[in-house]
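Should a chain be cited, it is by its letter among A, B, C and D, assigned in written order, with residues numbered from 1 in that chain.
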Amino acid sequence: MIRKTVANAQEALEGIEDDMTLMLGGFGLCGIPENAIAELVRRNVTGLTCISNNAGVDDFGLGLLLQKRQIRKMISSYVGENDEFERQMLSGELEVELTPQGTLAEKCRAAQAGIPAFFTPAGFGTEVAEGKETREFEGKMYVMEKAYQADFAFVKAWKGDEAGNLIFRGTARNFNPCMCGAAQITVAEVEELVPAGALPPNEIHVPGIFVRRIFQGVNYEKRIEQRTVRSK
Amino acid sequence: MLDKQGIAKRIAREVKDGFYVNLGIGIPTLVANYVREDIEVEFQSENGVLGMGPFPFEGEEDPDIINAGKQTITTLPGASFFDSATSFAMIRGQHVDLTILGAMEVSDNGDIANWKIPGKMVKGMGGAMDLVASADNIIVAMMHTNKAGESKLLESCTLPLTGVQCVRKIVTNLAVLEVTEKGFLLLERAPGVSVEEIRSATKGRLVVPEEVPEMPV
Amino acid sequence: MIRKTVANAQEALEGIEDDMTLMLGGFGLCGIPENAIAELVRRNVTGLTCISNNAGVDDFGLGLLLQKRQIRKMISSYVGENDEFERQMLSGELEVELTPQGTLAEKCRAAQAGIPAFFTPAGFGTEVAEGKETREFEGKMYVMEKAYQADFAFVKAWKGDEAGNLIFRGTARNFNPCMCGAAQITVAEVEELVPAGALPPNEIHVPGIFVRRIFQGVNYEKRIEQRTVRSK
Amino acid sequence: MLDKQGIAKRIAREVKDGFYVNLGIGIPTLVANYVREDIEVEFQSENGVLGMGPFPFEGEEDPDIINAGKQTITTLPGASFFDSATSFAMIRGQHVDLTILGAMEVSDNGDIANWKIPGKMVKGMGGAMDLVASADNIIVAMMHTNKAGESKLLESCTLPLTGVQCVRKIVTNLAVLEVTEKGFLLLERAPGVSVEEIRSATKGRLVVPEEVPEMPV
């Protein structure tokens, strides 16, 4: 078994530098790598390009990096719910590349899987397809999209083992699995780190080969963005 | 004339037995409340869940169980969770039978614009571009006119497109329309709305059959 | 919940016709849809094109269809271990299209995921790339491969529920998940069929949306091709 | 001169700490027996398992747990099972660090042929084309000559190729060679084998340094 454990976020982010391209899992604030984000803030790396479906809210998630102007460019599908983001974007401080959500997921998965490019119908005939190759297959039009290239991927799982195997919980899974192994170095933080052999091999969502470093995170806040309930 | 609930109620009649359905935010979300209970339907949310149930009871919210609108949800027996790549495999691979979403503009050839207003803050397309480019069966839920009273049913969209020639049906506060080669085919009038009112609120080509029934309620 | 259960293999294969293209899960004899194959033999449909990593052995798996000359064309990555196959292939009765194993898996996955074509390095500079578009990305050469088109996919899982959700066991998973939803109609047979709600939503390998019909199989033989043991 | 076990033993020295390794059938399979026990290595099999262990004890064979050679196997703590698409995502995505496989022919620019002999029954390439096209680190394990005594190390392959310019290292019964721009660089001689013997058994360009050590045993 190849051991992937590191002590904490600090050790897990070794090698991170200004101007790198990062992938960050999560959908809204659900399943985001809270500890890695906190460590990025602490290290104050800047000029970052972040590939992440969303950009957090003003005071949580990637919003924490935006506050400190650590992000140069966001690659996302949806960036609402964030005033500071809006301010930086409209003032031109922040570059934003909007990508259809399924294309974003598949560009990560392609990077993971050694597929340099693929065709998708999403965005054909729109701004998103501008400057990209388009092609007809079986009478329908498609856009060619390329795999992302990133330096680090930060993902968050529910349980993980020493070998880097991961299990997610509920919709906190989202973009995390497709980002594993899609960057040069994949760092997984987990709510519970267990010894190798403690996770049934049949129930593992992401095999450890896609993960370079794993650590047990601390103080998960797991904030809810839209608390919606019905009455009893 | 219909209110938002009325639009949702009318669209619910388009949901057939055995359909997997993806609901956009806004009016589409309300559709779930009006689907007949004697048919089998499953709701998919693109953040990675199939088999969504109602909102949780207070105190039972789980931060790990949300929908694409970031709302806390529950799941029903037979539900499953999956990653985003798999979720869009369902969408792109046309395994989702019906997509219901809102729009800022629809053109009479089925183009849709619902993600960007130049000069304004742009929030992004989320999963909408994947949904409209993939689905065979897309229903738009929207008001017939915008807040300035201008038609949202146009000859061609003025706003940046979300997808081309993809909308099949539109349900507004005034009417039910189908996109055909000849333009918007008027299928039904909302209760108390005349053909003339619909005609004057529609800027795209409108095809009006001899008989335009009032929609059943 | 959308119910996918049918009574048995006979009902599950309704609509099958001569000259159709089928996908069949399994690696060697591991994880093959034994009941569907038996029903294909019983119905005696012919002229079939079978997309399957292997072609079974003489008296089991797809070998049973070969014996009755029901297969016109095999699309596989490896077809050894089968004398009747060899005879039919050398005599020209059977058409064979050999495809790299990873490409075969990805062509199924592409069909499932609405990706009409993708690029892979596998087979570049070999016979496999003949007549196909090739292209350079980041200094490396790739071959463009297209999604498969098939009428039926037959897969075998360990457990399944009424909603069509599937869980596989061990390496019997193999090609089965990528074939689900990759054909017009996907038929899953399972060793154990349970009510909806009995499988944890977090542990499902293939969501029911990719499966059209599901039934509980009978009399699984699960033959071992290479029984290899060590002494105590 | 080395026998098959000897070739496997020599190749095992190329397996480094932290390597994920894919072993082809034949001699490569034997490599697992000789890997140092003080390093962390995991074996991947392309049919969908990572963390393979030894063969099962008699009576403990499980038809659902096999390797790509269709042999019954066991798994070690930390193992995982996955589908074929994910398995080749590992391979194509270069997450597997080392691929060891057999060959019929290798050319001095690193081309490899190991799947087809025209006119004979062709069994197929299995996962070999994906493996050789993807891996950065490919070691070929084979006899230096074929049964007719002809060299398998050629200027260019005569058989249909499995992959182009991909082989990095070759370990035969006679020698260890590296593929360089100038041809096969002779790195080590097998015990008791002279440079002349290797030269006469090699048809491709052979670069012989002044010192060619005998390989350590």
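Rule of thumb we're sticking to: a contact is a pair of C-beta atoms (placed from the backbone, for glycine too) under 8 Å apart; a residue touches a chain by one contact, two chains touch by 3 or more.
Since we're looking at a predicted model, the values are computed, not measured.
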item	value
Contact-richer chain pair (by C-beta pairs counted) among A-D and A-B	A-B
Chain whose Cα centroid lies at the greatest distance from that of subunit A	D
Chain centre separation in whole Å, for subunit D relative to subunit A (CA means)	36
Inter-centroid spacing, subunit D versus subunit B (mean Cα positions, whole Å)	55
Mean-CA-position distance for subunit D and subunit C (Å)	28
Multi-partner residues of subunit C (at least 2 other chains)	106, 109, 113-115, 120-121, 168-170, 201-202
Contacts with two or more other chains, residues of subunit B listed in rising order	49, 81-82, 85, 88, 91-92, 134
Contact pairs between chains, per stated definition	A-B, A-C, A-D, B-C, C-D
Subunit C contact footprint on subunit D (complex, rising order)	45-49, 54-58, 60-73, 81-85, 87-88, 91-92, 111, 116, 121-130, 133-134, 160-165
For the subunit B and subunit C complex, residues of the former touching the latter	18-20, 40-42, 44, 49-51, 75-82, 85-86, 88-96, 134
Sites on subunit C touched by subunit B in the complex	1-3, 109, 111-115, 161-163, 165, 181, 195-197, 201-202, 204, 207-210
Residues on subunit A engaged by subunit B in the complex (per definition of touch)	27-31, 53, 76-80, 86, 89-90, 96, 98, 100-106, 108-109, 120-128, 158, 168-178, 205, 222-232
Residues of subunit A that touch subunit C when the two form their complex	106, 110, 113-121, 137-138, 140, 142, 146, 167-170, 201-203
